[in-house]
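In what follows, a single structure is set out as structure tokens and then discussed.
A, B and C are the chain letters, set down in written order, and residue numbers restart from 1 in every chain.
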Amino acid sequence: MELFERTASELSSMLKNKECSSVEIIESIYNRIDKVEDKVNSYITLCKETAIEKAKEVDNAIADGKELSSLAGIPIAVKDNISTKGIKTTCASKMLENYIPPFNATVVDKINAADMVITGKVNMDEFAMGSSTENSYFKKTRNPHDTDRVPGGSSGGSAAAVAAGEAIVSLGSDTGGSIRQPSSYCGVIGLKPTYSSVSRYGLVAFASSLDQIGPIGRSVEDVAMLYSAICGGDKMDATSKMREYPDFKAGLSADVSGLKIGIPAEYYGEGIDDSVKAAVMNAVKELEKNGAVVKNISLPSTEYAIKAYYIISSAEASSNLARFDGVKYGYRAKDYTTLVDMYEKTRSEGFGDEVKRRIMLGTFVLSSGYYDAYYKKAKLLQQKIKQEFNDTFNDVDVIITPTAPAKAFKIGENSDNPLKMYAADVCTVPVNIAGLPGLNIPCGSDNGMPIGLQIIGKEFSEQTLFNAAYAYEKTMGNLCKIPSLD
Amino acid sequence: MDIDIKYIAKLSRISINPEDEAKFEKNMQEIVDMVNGMPEINDDLILDKNNAMTLREDIAETGKFTREELMKNAPEVQAGCLLVPKTVE
Amino acid sequence: MNNNYEMVVGLEVHAELNTASKIYCSCKNAFGLEVNSQVCPICMGMPGTLPTLNEKVVEYAIKMGHALNCKINSVCKQDRKNYFYPDLPKAYQISQAEVPLCENGHLDIMVDGKTKTIGVTRIHIEEDAGKLLHDDSFAGSLVDLNRCGVPLIEIVSEPDIRSVAEAKAYLETIRSILQYINISDCKMQEGSIRCDVNVSVHKIGEPFGTRCEMKNVNSFSAAIRGIEFEANRQIEVLENGGVIEQETRRWDDAKGESILMRTKENANDYRYFPEPDLLTIVVDEEKIAELKNSLPELPNAKLRRYVDEFGISQNDGALIAESVEKAKLFDEAVALKKGTPKGIIKWILGDISKYINETGKSVSDMKVTPERLAELVGIIESGQISNASGKIVFETMLTEDKGVSEIIKEKNLSQNSNTDELEALAKVVLAQNEKSVTDYKGGKTNALGFLVGQCMKASKGQANPGMMRDIVIKLLSE
């Protein structure tokens, strides 16, 4: 078995037992990248030199018998909307094609402090707006399980890199499903953490009140470890919560006896493929066999979540992306006359169509005369949806739903139809609207394409989600098999 | 309700070339129709007292960044300033 | 202004707060440093950066709220005001829209002896923008972001102001309060207080007219000129049968006129919405009370005390009370109970104010301490030296670091109040002026003045004039 195929926890103990070196691990990763990257297109920027430097440091530290974190020497890919000092951070946009941040995102400082090795910056939908990674200005990432299909999005690069063995783990960001849906399409494990549990400082904002950075990996242990490394309150992010966060890996337990699982009818209705429903319900049965208790529940406001989501996220985006005006950084149009002309040309040439659509929708719902009818109504709806979830969690410990309505679609299939594209988020957006944690785990396949289920819990109940997933993983064995891509 | 794409584009400082206007207008209208039809909620937005933030201590920090590294990404810099088209005649 | 009309004015005062750091980042809050030297990724609006609210900004705003008798909203939030301009890096200003920190207050102002109450609608916190520099040697405008994120409070008045004099009094009172509670430097030339002005006019007895907003008013004197101009402009329009359109105008102080910026139709659409990067501002009631108790005695209260306790005139009292430094000097000198308050105030408003205006010095860097001022006034009032000598002592004190008695001795200015000596001297003088003595006794009373004058002369001006006069009269009546 090659090093790139192993999980972080396996590699961690191999490093401790001197069965391999960090440099060998990173070389194995780059060999894999050399072999498959032209088929997958996960990466926008590779950081081979700095990565090998870092790996050497780790090896020396181990040789000197230093006490290192369990993630030391583990290769990690970082989504290209997470600021890395001295390394291009493009958000897959022409607007930031050559932008090099002078500072690190807080999560990047944390993974550096844990001595993880950054392999490079991975592809995404432009400014994280999309569900297929087709909206990248640079390249279309392909699904490692079928390169004619999309990897999902917006964190398509993060999911595909891990699924293809081009990274051991990765960081993505999730505003409406951007970690869970691509994880589902690529057959890996991805967590959208509780809002406020991971610092957003340095994450280029799409929708501030919904964005969360989260971990992706090929085992529950790996995802739990990485989440432990990145979570925690941050003085630089006023919306992050200062509280005690446990060691989630140490807390893992496969015992689900008595765990109350809610199955909300609204997530299994029309528009969800039968193959998906079947795969999810089989997984639920497995947990039931392990002693979990299944309850049928209802979340009636679900159908409205997607409306509220597109209003709130677009409103915030229209404001967050206004700073890209060709003055301080990023792209500036070549020929212009006045200031306004410079603004308009710069933004029209620098942004792709989907980004323009969202900016204009957001501008519209906030514009005078429409605020109450759209933005305010959406916020009220958000209050209601939160309340519905909170009430439900008085009766159940977790909620299990499909992560996506169907397996990964073909590249180009939905490109010209924004609404069909948005439908891919229908199961994931309510979780962001409510600020809750959601975890995707693979639970079967449809003609070789992975299908994922989503475990939703109450605020800060990540340990419960990990344990449910861990129990399923223990029953089924390895959930994330790397395709050969030969 | 029809959306005034020209006004919204202007407000967004985005110019749409005429040939794309129809397409954008159609897309936008579809999206707006999609988000329409939210239920009436006779409730008001509550300012969440329990969602308070910690404020920052008033201490000035200097010398963390040089002007050069902060301006490195700027399209046009002159005399240590960002250069933009004249804002007054 | 045309007497058939009345003006209705509302003022929005923006004051920069003198905190150590900026409102949303830890950059130094300082004026006049090298361009773009007080900037960081946050106030430069770099992608991924987030604001963190400076606690002092909240405290300062609440202090002002108390000083202006406002209701303090212990739970409030911040909102984004969206618009594109090169001096606004994020393309939105973090401000407060729906729920300001303070609201429903009022302020008493003094206009020619009469007190008037002006309503204060609200006080909210927000961030300042950067500066645009225009210089023909460059192909465009230059952007300096040092001022981005400098904390501001905006104080919005009700449209209760009816004259230029009231506007002036309101602005000066606001400034003096800002200085008393020491939350702003109030340096006009540095633009640390600016205002927007709302003006409308109407025929007396008729309903209010349509208001125009005037922006870019960078000093209080400019505000006064602007209000005057705008009111007259509107009256002229009406007198010529025109109508006033609701519009935003820009005040050009150099040209002394307001220019149309935008009409109501193309008014800015700021798309305000709650700032998602900041959570709720919650200030506990103890803190709010503590801030109230921390306020010093404010100018209006001082004035009332001066008038009631010391019988000082409204005008003199106001002149002292509106200046933090003069009031401090006065209060400290009075507390020493050497000179009378009225005597002390005469010196502060007279020679001291004159000296300060001429030299541009501040009271604190004057060698005349409260102790010395009180001592000087005391000695004059006790008759130990004459007023004339007092002035000499004062002049000397300004330049030389010496005490009052020391100077009196040096220049030997003390008055002779010794009865025997003065009587002896008077006898000699009368003997030398028999003619005048007989004239006086013959009824020519005005001879008295001449004789007293001669005695004073003989004493080289050191005789106590009052005593000298009494002695001469006594001797003549013998």
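Here is the rule we go by: contacts are C-beta pairs under 8 Å (C-beta built on N, C-alpha and C of every residue); 3 or more make two chains touch, one makes a residue touch a chain.
All of these numbers come straight from a predicted model, not from anything done at the bench.
Enquirer: Looking at CA centres, what chain is most distant from chain A?
Expert: It is C whose centre lies farthest from that of chain A.
Enquirer: Taking each chain's centre as the mean of its C-alpha atoms, which one lies nearest the mean of all protein C-alpha atoms here?
Expert: The most central chain, going by mean C-alpha position, is B.
Enquirer: Determine the centre-to-centre distance between chain A and chain C, using the mean Cα coordinates as centres, and give it in whole Å.
Expert: For chain A versus chain C, the centre distance works out to 58 Å.
Enquirer: Can you check how far apart chain A and chain B are, centre to centre, with Cα atoms defining each centre and the answer in Å?
Expert: Once rounded, the distance between the two centres reads 24 Å.
Enquirer: Please work out the Cα centroid separation of chain B and chain C, and write it as a whole number of Å.
Expert: 40
Enquirer: What are the residue numbers in chain B that touch two or more other chains?
Expert: 11, 13, 53, 56, 65, 70, 76, 82, 84-87
Enquirer: Return the residues of chain C touching two or more other chains; collapse runs of consecutive numbers into ranges.
Expert: 41, 44, 52-53, 84, 86, 143, 269, 271, 278-279
Enquirer: Do you know which chain A residues sit against two or more other chains?
Expert: In chain A, residues 99, 102-103, 235, 238-239, 318, 322, 325, 327-329, 339, 343, 363, 367 touch at least two other chains, as defined above.
Enquirer: What residues of chain B sit close enough to touch chain C in their complex?
Expert: That would be residues 11, 13, 47-49, 51-53, 55-62, 64-65, 67, 70-71, 76, 78-88 of chain B.
Enquirer: Tell me, which parts of chain C touch chain B in their complex?
Expert: It comes out as residues 19-21, 26-29, 34-41, 44, 52-58, 75-77, 84-86, 99, 132-134, 138-145, 269, 271, 278-282.
Enquirer: Report the residues of chain B in contact with chain A in the complex, numbered from low to high.
Expert: Those residues of chain B that touch chain A are 3, 5, 7-9, 11-17, 24, 27-28, 30-32, 34-39, 41, 43-46, 53-54, 56, 65, 69-70, 72-76, 82, 84-87.
Enquirer: What residues on chain A touch chain C, complex-wise?
Expert: Contacts found on chain A: 81-83, 89, 91, 96, 99, 101-103, 105, 200-205, 207-209, 235-239, 315-316, 318-319, 322-325, 327-329, 339, 343, 363, 366-368, 371, 375.
Enquirer: Within their complex, state which residues of chain A touch chain B.
Expert: 98-100, 102-103, 235, 238-239, 242, 304, 306-308, 310-311, 318, 322, 325-332, 336-345, 347-348, 351, 353, 356-357, 359-361, 363-365, 367, 374, 376-381, 383-384, 418-419, 422
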